[in-house]
Amino acid sequence: MNRALRLLRRRAVGSIPVLLIVVVLTFLLLEAAAGDAVDAYLLSIGGGDAAIAQSLRASYGLDQSMAARLWLYLSSLARLDLGWSVAFDRPVRDLILERLPNTLLLMGSATALSFAIGSALGIVAGARPGSGRDRVLSTVSLVLYAIPSFWLGLVLSIVFAVQLRWLPTSGIETIASGRTGLSRAADIAAHLALPVATLTLVYMALFLRVMRAGMAEVWELDFVLFAQSKGLSRARIVLRHVARNALLPLVTMLGLQSAAMLGGSVVIESIFAIPGFGRLAQEAVSGRDTALLTGIIVVSAVLVILVNLAIDIVYAALDPRVGASERGA
Amino acid sequence: MRLLRKLLRTPEGAIGLGLLAVLALVALFAPVLAPGDPLRIAGRALTAPFTDPAFPLGTDRLGRDVLAGIVHGARTSLLVGLAAACAALAIGLCVGLAAGFAGGIVDEALMRVVDAFQIVPSFLLALAFVSVIGASVPVVVLAIALGAWADPARLTRAQVLSVRERDYVASARVVGMHPVEIAFREILPNVLPPVLALAAIIVAAAILTEAALSFLGLGDPNIVTWGSLIAEGRNVLRSSPFLSVFPGLALVVTVVAVYLFSEGLGKALSSRGGAA
Amino acid sequence: MTALCEIRQLAVTYRGETMPALKGIDLDILGGERLAIIGESGSGKSTFARALAGLLPDGAAVAGSLRWSTGQPRAGRDIGFVFQDPSASLNPVLTVGEQVAEGARRHLGLSRRQGEARALEMLERVHIPDPAKALHAFPHQLSGGQRQRVAIAAALAARPGLLIADEPTSALDMVVQAEIVTLLDELVREGGMTLVFVTHDIALASGFADRVAIFRDGMLVETGATGTVLAKPQAAYTAALIASHRDLATPPLIREAGR
């Protein structure tokens, strides 16, 4: 446990300069916007004169120099204040906190399912690399991973929601249904079924391929031959020796993919009209709301850092060599 | 070349290269295969596919030819995919070489920047970039490249670090080669193969990202792309799902072709007997 | 001593290779003996060891016959195998205890607790320092010599009648080599097992083997009682091997470690 905590602290501390770079670069990029949120706002209310624009800018602090605004932003960030959303007329932090749980539910379920199914199928394929089973699974996973998630979402939507009418097409729950407890949970589950299924199919393919590739490599190692020389059952060799070692690169891949998966939530939430974090990003873009967009990017970075820290702990738990000093020849 | 022949001997390489060749030809000869502006109104609205020989894949809400859209859309996808991958690789190689060579505090600082770009979800980054600068093909290419250069940078640096200490580099130094010359003559050729393997993956990801951006309405509005076709088809999803299905199939085929090509390339590169 | 295994015209060609690794080997392995298979790189000695244990890779073409007096042997139960590189033989993510116990649990039907007790017993027999702690240790925490002891313990946990050791000391330091060989000698004697010891080092083998078999280029050159072969080698190759290893200091080293 000590080993894991030490590693965790070192990684957490190392993440701070990176987060700082993210904040500064994002801020600089978004401030380069030609035409800011005030312009967009004015456009949406049908125009306004220069005086109104000027006073709006002053009230939102948008008329100061870049460096001053950056400093202001950093100091408010330290107080966990993410600024004000001009498009929604609410604090950015509130918006994000409101939308984030839906996305976490969506991504969390999809990740868990795709990891479980993907690695299980990967073990089936990797149990005998080059076999017919392996070739079929590898081909299927290749095609699945090539499918754009938003298109798959649309197709599943057409089949299951439109044609068969088994599942709802959009939203996270039936609005104003007044359901509570288990009934509400079931309703949300029905609404999330298609988006989760879409993401699961795509990411499962990735995990399948990584597990299978990892196992193919581990089969070449000597300790597998040693296990065979002990006459162990095939199941034990495949699971406890080969797959158990192939799990390591798979867990690493999970960490590496976390950022991509968070990004992928944007299109999926758009298709299924899920009021989540990703959808918020799209709305920030159309509303030219730089404060909101900056806040979203910063929070995404923090989430990815946190996920990676968690993955590091899991990896250290799975691999006893991590963090240990080498003793002996 | 020998590499090409090895590539074609693998089933993945042969199929992948074949498909890509067809796609490239379609993209190249789009104006010939589907003359005129694909966004012009060509016929009756919402013609079903496989019914009218003039419009083999049907028409959309405004009567635009779906097949023409797909054929012209191939240009965007392939162009953006390749350009973004090249840009990402170029940036990544430079940063990786610099970091691997310089070492010390320069290396540390550059790696923190690489970390920063890897932590931010690349799609969000592309989204923000396009929304700020404006949607046009060069901007989309740059936006995707910004999200993709971090991995090649990291890989290049790892390769440089491992190659830098090898004997043939030391001998070059002893002979008196200038460091920059060493970088290009000795180190780069040995760093390239794994980075090139990554290239195909980046192309595939770039194609998908471009499609997603256009789907959300953030692509170049003046040209037709597969993503915009799918978005357009979404409006009539219930009545005419084929409008969204066909461009999606085109995407799948293209990306599968890239993956197959990359697998074939990987096999051909690794089966090469003991180079360097 | 009766023949544990009669090998007739054993030939092995690996998949994708044109040259056979073994060409027509005729050899008897006598029950309870310590046989040393001696040869240089490429002589086919490792291939022979693996063919005997049934550990050849997929697609390897095998010709000839292996007739066992006690019926077809099962890996782990009847034959134990020790590899050259102890760092590679052990699974890095599983504990030492689990890896030593697994063979015994599989073949002797032991429960988890019984398996752990057996593992402890085996670790003690191979003279691992602090065996109770070693049970829960991971391979990377042990030295090379200790890892090889663990591998031997794991190979012998299910009480096989035959132990095949493929260059078990080549990856270790000189002094550790002597310790491991002495250990093998002791275990084989205690357990009444048969030992087939593959090595390139004729001096090492001469210290404890009853019989030697000299291999060269996939063929059996000469075989016989150790003393006889060393004193009066029939083949020129054997004489050359002996000549290149004439080092009077080496045998005493082994006998010294055995004290």
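To keep things simple, chains are lettered A, B and C as they appear, and every chain counts its residues starting from 1.
Just so we're on the same page, a residue touches a chain if its C-beta (ideal position, glycine included) is under 8 Å from a C-beta of that chain, and two chains touch if they have at least 3 such contacts.
What you see is a predicted model, and the numbers here were worked out from it, not measured in a lab.
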Check: Are the chains arranged, by touching, as a line, ring, star, complete graph, or other?
Finding: line
Next item on the list: Just grab the chain with the largest centre-to-centre distance to chain A, centres being mean Cα coordinates.
Entry: C
Next item on the list: Could you find the two chains linked by the most C-beta contact pairs?
Entry: A-B
Next item on the list: Indicate the whole-number Å distance between the mean C-alpha point of chain A and the mean C-alpha point of chain C.
Entry: 52
Check: Centre to centre, by mean C-alpha position, how many angstrom separate chain A and chain B?
Finding: 22
Note to self: Quick check: in the complex, which residue numbers of chain A touch chain C?
What the structure shows: 221-223, 225-233, 236, 240-241, 244-245, 248, 318-321, 324, 326-329
Checklist line | chain B-facing residues of chain A, complex | finding: 17-19, 21-22, 25-26, 29-30, 32-34, 142-143, 145-151, 154-155, 157-158, 162, 259-260, 262-264, 266-267, 270, 281-282, 285, 288, 290, 293, 296-297, 300-301, 304-305, 308
Next item on the list: Please give the residue numbers of chain C that touch chain A in the complex, ascending.
Entry: 53, 55, 74-77, 79-81, 83, 85, 88-94, 102-103, 106-107, 138, 140-146, 151, 154-155, 157-158, 173
Check: What part of chain B is in contact with chain A in the complex they form?
Finding: 112-113, 115-116, 118-125, 127-129, 131-134, 204, 208, 211-212, 215-216, 218, 230, 234, 237-238, 241, 244-245, 248, 251-252, 255-256, 259-260
